[in-house]
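Structure record follows, encoded as structure tokens.
Should a chain be cited, it is by its letter among A, B, C, D and E, assigned in written order, with residues numbered from 1 in that chain.
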Amino acid sequence: MGILSWLVIVPFLTTVAVIATPNPKQIRWVALFGTGIQLILTAVVAMKFWALAGAETGEHSMATHLCMVEQFDWFKSLGIQYFLGIDGISMSMVMLTSVIIFTGVLASWNVENRTREFFALLLVLVTGVFGVFLSFDLFLFFTFYEVAVLPMYLLIGIWGTGPKEYSAMKLTLMLMAGSAFILVGFLALYHTAGQSTGVYSFDLTKMAAFQYPTEMQAWVFPMIFLGFGVLGAIYPFHTWSPDGHASAPTAVSMLHAGVLMKLGGYGALRIAVYLLPEGAKEWALFFMGLTTINILYGAFGAIRQKDLKYFTAYSSVSHCGVVLFGIATLNMMGLKGAVLQMFSHGIMTGLFFALIGMVYGRTHTRIIPDMGGLAKVMPWLAVCFYIAGLASLGLPGFSGFVAESHVFMGGFFGNAWHSSTATRTLTILAAMSIVVTAVYVLRGLGTVFLGPIPAYHEGSHHDAQGTHGTHGTHGAHGAHGAHGAHGAHGAHGAHGVNLAKLTDATFTEKLTTGILIACLALVGVFPQFMINLIESSIYPILNRLH
Amino acid sequence: MSIIENPWIIPALPLFSFLIVGLFIRPVSGKLAGIFGTLSIFCAMVAAYTLAWQYFSLDHHGGGARSALLPFSFEWLRFMKGMTVNFGVMVDSISVMMLTVVTTVSFLVHLYSTSYMHGEDGYGRYFTYLSLFTFSMLGLVVAPNIFQMYVFWELVGVSSFLLIGFYYQKPAAVSASKKAFIVTRFADLGFLIGILVLAYFGYQVQLGGVGVNAGQAVDFTFLSNPEVLTKLNEMGVLTLALILVYAGAAGKSAMFPLHIWLPDAMEGPTPVSALIHAATMVVAGVYLVARLFPAFSAAPNALEVVAVVGLFTSAFAAIIACTQDDIKRVLAFSTLSQLGYMMFSLGIATMEEPLGYTAAMFHLYTHAFFKALLFLGAGAVIHSVHTNDVWKMGGLKSKMPITHFTFLIAVLAIAGIWPLAGFFSKDEILSAALESHRYFHFYGGLVIAGLTAFYMARIYFLTFWGKARSDNASHAHEASAVILIPLVILSVLSCTTGWIPFAHFVAIGRELPHTGINMAVAIPGTLVAVIGLLASFFLYRTGDAKTVDGLVSGFGGLYRVIKKKFYFDEIYLFVTHKIIFRFVATPVAWFDRNVVDGGVNLSGWTTRKAGYFLTLMQTGQLQTYGVWFVLGAVVVSTLFWMTVN
Amino acid sequence: MLFHWVLLSLALFSVGIYGVLTRRNAVGLLISVELMLNAAAINLVVFNRYVAPAQVDGQVMAIFVMALAAAEVLVGMAILVMLFRKRKSADVTKMMGLRH
Amino acid sequence: MLMLPELIIVFTAFLVLILDLIFLKKKNTWLVMIAIAGVVAAGISAFVLFEQTGELLGGRFAVDSVGLWFKLIFLVATGLTLMMSVEAFDVRAKGLLTHQAEFLAVLLFSLSGMLFLVSSRDLISLYVSLELATIPLFALTAWSRTEVSGEGAFKYLAMGALGSAFFLYGLGLLFGLTGHMSLVEIASALQTGPALFLAAGLITAGVGFKLTLVPFHMWAPDAYQGAPTPVTAFLSVASKAAGVAVAFVIFYRLFGEHLSSWSGVVAVLATVTMTVGNLVAVLQSNLKRFMAYSAISQAGYIILGFLGNDAQNATAMVFYMLVYVVTNLAAFSVIVMHVHQTGREEIDSMKGLSITNPLLALAMMVALFGLAGIPPLAGFVGKFFLFSVAAKAGYYWLVGVAAVNSTVSLYYYLRIVRQMYIEPPVAGTAPLRVSGLPAVGLVIATVGSMILGVVPVFYERIGADTIQWLASLARVP
Amino acid sequence: MNETLFYVLAGLSVFGALATVMTVHILRSAIYLMGVLCLSASFYVLLGAEFLAGIQILVYVGGIVVLLVFAVMLTRSDDLDEDRPTWPRKIVGAVGALSFFSVSAWLLSQSPFAEEKVLETSNVDIKSIGRALLDTGSNGYVLPFEVVSLLLLAVLIAGIVIARKEPQ
């Protein structure tokens, strides 16, 4: 059993351990222990990978190949294998996932309701995510992909807030519909290569050695890209994201926006672009346009949101648009930027959702206008929130800037197959998002944390008691999103919680946010490490494009 | 350790201070934070002066620019092969000049703040921010490439944002900080696109084999290379790129029409206004244009934009400054006006007539000191009378004598009275205009100089002369020694810096003939300044509002328009809230929830409806089932037959 | 001639179909089913006679069909009797307890 | 020896009847035990037969590898159904069934019909065995002797008779076209022509009735809903598997070379079947009726195997059948417990099951996800192979339709999951009792539905057997 | 001779069948069915299957129809005296039956059946049928024979269980 298998097995074993733990109080410790091990394991793999492939970068680096491959037959007659491997792109994603799940467990420290199921599902989800990032057999990939997506339904449905069933169902169905397209694409890849060469195999590396007919690529590429795009929140298939995130509990939002949405970008890059370069060339401009809409649309959409989670969800739509935009540029900088942005957005949005959870746990509201001046009472959270916000608007020093500058550079440099006027125009349009992002981030955070704390009316206390127990009503407001149905709340005081008396972060919360911020800053300040990691693994993709 | 070989130490000190203070000291003790921050910036200042000494002692073969050194550089970001961003410290005359200015003002402001901010909530936080700002500003100044410039550009922007919004519980401060950040961010978009353009075409130029040895496509050395510039011009992109970059500069230096954030930025603590919004950060735009001056000079149209916008802003701001009552706002508009001055000075310079360049840098240098002095002085006053409104002051001359004296020096300096610093630098700008035969700019500059003298004197008289016009003003008292020391130091600097033979240190292009004071300029310059001062003296000496009422009503509507700053804030508010928010953001949000999401829900609805329709076919009638069965069999048989035939 | 025989069985079969599709009485429905099965049996015997006259396969199958028809009717009757006890009606168009 | 499984089953049926006569009063689970023992014994004997295939009765009864897989499927289905049926005869059950011995015997007779069916090598045996497999089910459907039960049974019977008549007519035409009753001889003598297509159409109708293909499916919801729940379970798996077996034998043996040219029709049937089943299932509120529509849509997936006559097609189909049987029965095990203990059949009566019976809810969820085709459960793997077969035939649009349909199906399976997991239980709901045999059945089914997809040996073995089977077909002149 | 007889009998039986499915009275319907079955027996005779004809009379007429009459008696209720389907149902039924008939007839008419091999004298007799039914060799159908017996047993058991009166 190779070390990569352990990366998949450890979360699964943790799931089993969580289920077997007799005392519900200990479950979170078990989960933390398991994810801690996973974190260490990731570090070991990273070092091993670095030792194997980090020595030199560029086209001839070892990292252009898969490392630490584990490969054996599964369904032999169909060419289905258990095939794990890792390259720079996978490595960065694995690192992201380990960090997010570890902090996710920390952020779920206070889950009291059905703890066992919660952590078990969370860990099943993560098992799937690790599996996806490490699989190089499409069948295995797809298996893990759906394992990663489905637990979301219950996680949102049981522990969510607001119209949780609706959101959970919408999210699940949209993602599954996306994976339906992916499935068709995979089978087309498998059979086209098989019928032509006589060797049927789901092995990604074998498929990559095959030149698919151009007309076949032309219809398969958009299917796979869009299929993954749904998970990457591509316009107009992004609407699961706001509702889903708004309804989900903290750790789930973190994992979902932080890691799961990355599966979309990862798949689009690793499979759609890698295997179908001609299709990519044919469709890239179209998808660049679509993702430009994503970027701006998400940003403008976020301006008008009243619920912090909707706010972040729309911002995620915008940022994930950057990922797909980067992929659609089809050049080194764009692709690298896309991977960087996946990492960066993963950490950043994880931080965002963790913080929202922390604030919500105190104020019992997520409605932005209901809050104000919280920096006074929870300075730590405010600072973290602002760091997340600044990272989100692409402030240098945080990873988002590195990623976005790559993507915009990539977009502006364009590629050999598309009109440079078009790509440049789209890039400039997309770059406009940095202003809009600044607008919504500062407006949103400003309202919540700065200014005076709204007056606390004793009167509103009583009428809020009723809704206090079931937090359902807050989310219901979220569902209305932009309509501004918050008249009732608009005035003052968040549901009878005296904002002036709230407390700052606890130790676990500080730890959670601290880890995430450290990641953001490390990559932002020393991007070269990540870049070396990723760059070599982009070459195989680029080589197939040329 | 030779500083010139390790100049990174200068920005590293405040960074160190930022991290240490921010992470460890601030939570423990605010006071210690102040002391630590001040000390570290003091060290940085010492290092900066050492560097200046060492740099300017290097051999200089006379004429034009001194050679730039790059003693420290490392690869920070590799976009791709042949497209790398290095971080480093570039040592040349203007960066050294800026280093000294920034560290000096920053140190003095730190010192000043230890007393000024005493007892404020978030004392430690304040010094954390200050350190961050200083670090960012120093990083900006030493940037050897446009990308590093952009990185630190954003960082100073965010420090500025943090400091303006320091009093975060004050809604006005919050919205001012937001406004400052967003407006400059908007300008930075242009900057960013400009960088993209330069990077892309620079890369193409390098692929074409030109300027391969001049560094990376984003390096300033590359962008100063004449061959490269010619090539870029041939591609027809240089002007466009530079105008885009200038947009960024204009945002940071608050050029019209992006000036609106600066007056509002005065909501921050006054020392911050002195440091960021007067002496250092706002001149970053000027600095950027100066940095790229070789490129600009290759694109005369872009330079012309700089010149025109600069002059217009200068005049525009000066006119508004005459009507404002908030002392800090007047200073802010005055800053605007002076920045415009520097900009147009750069704009009228060329490689052949480079006096404007030197003059702009000179004015930047001197302005930093006397404007910081003005702000700090104003701060001392405000600290004492707890108001910004000049009409609520008055009679402070006797109560705050040292403050009064230093403030007077600063007013005279900015008005351009010999032998104070402002006189020399302003004189140089005007003579540059004259020598370049830019008479419009010359006369414009003269008028602005007069206006400057007028409004500066106006606030001076209203603040210090006449009788106290409020309770606080009558109980005002002199500030503490820690506050006064920086004032005194700055007033000394305001007096002396004019005498520096600036062209010896900072120059570009053709060697300048050593010129003394150009009497053709000095005389009219001094004349308008005196006229301005006198006019002010007659109008505001008593601080009696009635004296000016007549004048004000004489101007009537025009006065109101000016006082309202030409309604620019309102226009912006209209555009952002009423147009962008209402007609873009709201519809987008609506569209998303109703059309796009509606589409998703529609598909669900359709599914259910189709299901419902199909359910109806399951009538429960056995014989209906039978009919389906029989027809099904018939159809399937037919289909079998049809597919084969 | 063979085709005519086939047409005959087909006609009887189709009439049976008509009966199944229209009779309201459940017993009538079973009767129609018997018609259909009988038609199919005729078909078998016809083919036996015309296609494979040397064998008895078709006839044997016809015999089995009779036995199966009997079994079907038996079960049908049992169910009907049980059902009739519950609802006092053997009208298939009134069997509407299960639908949609 | 070759007929051992069948003989054991028939013997067991008689044994149960006789024992019932002897120990008239003491009916208890041991009667079921005997039946199960018989099924297990038959299973073992069938398993042993894998090594020795051959013919009996002059080729009228043949044992081959693929047939044995079908037999195993029937045996597994029956065994699991028997285990869960205990619940319905428990005196505490709501909707108590009586006459356990007769029930078991009739069920076993039906099973023996299915087993004979697979080994039949002539039209007569095939038809008679099919009827033996089907007619007892009409009776079993009416076993609870309630009004709905009777109504369901009668509709089932009427449609069954119609289907049987059509099937018979189709077989008659085959006989007429060739003059032979033996499948092998028919296969070699059969020539294409319009009558052949008519025969194929009529046979499709007859088989479609068993398989619940649209539009021959309409009896299914009513019969499923009316039948006693264990019988519903049996109908949804064993009866369907019998349909697959018949279709498999006829289409692969007789129409093998036509299958690829008829793939268009199969594609249409599959599309219509899965779509109708899924869309209607969305709106159901009765658990059993819901499972009926779910089963209908599953049939749509299963017949994707008829898009061609490759070994892969057959393998995918047989494998999916196996997977479907265990998965569906896992779901039904829980449903049977629920229905017979609470007496309620509505979907929302499962509210809060995850609180009251976490393990049952988990098993149910696994089963439902398996049916929806969620990896890594066997249901996914099976479906994936079927989709792959469709893709291989070039029907990418069909794969798309099928995959989207899976998404729709996920929607309604999640509705149940939602009731179990998200909705809180009604206050005072007592947990379900989990007694021995049903629990064993549930565990077997659930574990089966998980490992079948992960452990490749089943698929590979079926694959090897199918290849061998198809090769043996080709060898016959 | 035979052909004429065939057409007469065929016409009669189709007519009888129509009467069976269309008559209003269910008992009459059973009687008509008996007629049709008897006519079928005559067809068997025409086809040289006398034994089968005998079985037909015995099993079908003697057994099944009687069973059906029983069923009619047992399920006699007032509302069933008149069995009048609604017009839409009749039309739909007719469409179904006719479309089946026409499509099938057309397809069959297009199809050349295996060559007709009518033997003058049928060598099929009772013995050979009996042998076929019980032969265990390749020409025998002992297996379906046994299967049918199982089926009848199962049906009997089940019928008794279902149809018997419930203990009150």
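Note that a residue touches a chain if its C-beta (ideal position, glycine included) is under 8 Å from a C-beta of that chain, and two chains touch if they have at least 3 such contacts.
The structure presented is a predicted model; accordingly, all values stated were derived computationally and were not measured.
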item: Central chain (distance from its CA mean to the mean of all protein CA atoms); value: A
item: Chain separated most widely from subunit C, comparing mean CA positions; value: B
item: Most distant chain from subunit D by Cα centroid; value: B
item: Best-connected chain pair, where connection means C-beta pairs in contact; value: C-E
item: Inter-chain centre distance, subunit A versus subunit E - centres from mean C-alpha coordinates, in Å; value: 69
item: Separation of mean Cα positions, subunit E and subunit D [Å, integer]; value: 30
item: Inter-centroid spacing, subunit C versus subunit A (mean Cα positions, whole Å); value: 63
item: Separation of mean Cα positions, subunit B and subunit A [Å, integer]; value: 36
item: Set of subunit D residues in contact with two or more other chains; value: 124, 127-128, 131, 135, 139, 142, 145, 154-155, 158, 162, 173, 176-179, 194, 197-198, 221-222, 283, 411
item: Residues of subunit A engaged with two or more neighbouring chains; value: 173
item: Multi-chain contact residues (two or more partners), subunit E; value: 89, 92-93, 96-97, 100, 103-104, 107-108, 113-114, 117, 139, 141, 144, 148, 151, 155, 158-160, 162
item: Pairs of chains satisfying the touch condition; value: A-B, A-D, B-C, B-D, B-E, C-D, C-E, D-E
item: Touch list for subunit A against partner subunit D, complex; value: 73-78, 80, 117, 139, 142-144, 146-147, 150, 153-154, 157-158, 164-165, 169, 172-173, 176-177, 179-181, 183-184, 187-188, 190-191
item: Touching residues (chain side subunit A, partner subunit B) in the complex; value: 58, 170, 173-174, 235-236, 238-240, 242-243, 297, 300-301, 303-305, 331-333, 336, 373, 375-376, 390, 393-397, 401-402, 405-406, 408-409, 412-413, 427-428, 431-432, 434-435, 438-439, 442-443, 446, 449-453, 480-483, 527-528, 531, 535
item: Touching residues on subunit E, where the partner in the complex is subunit D; value: 103-104, 106-108, 110-114, 117, 136-144, 147-148, 150-151, 153-155, 157-162, 166
item: Residues of subunit B defined as touching subunit D within the complex; value: 607-608, 610-612, 614-615, 618, 620, 622, 624-626, 628-634, 636-641, 643-644
item: Touching residues on subunit B, where the partner in the complex is subunit E; value: 623, 626-627, 630-631, 633-634, 637-638, 641
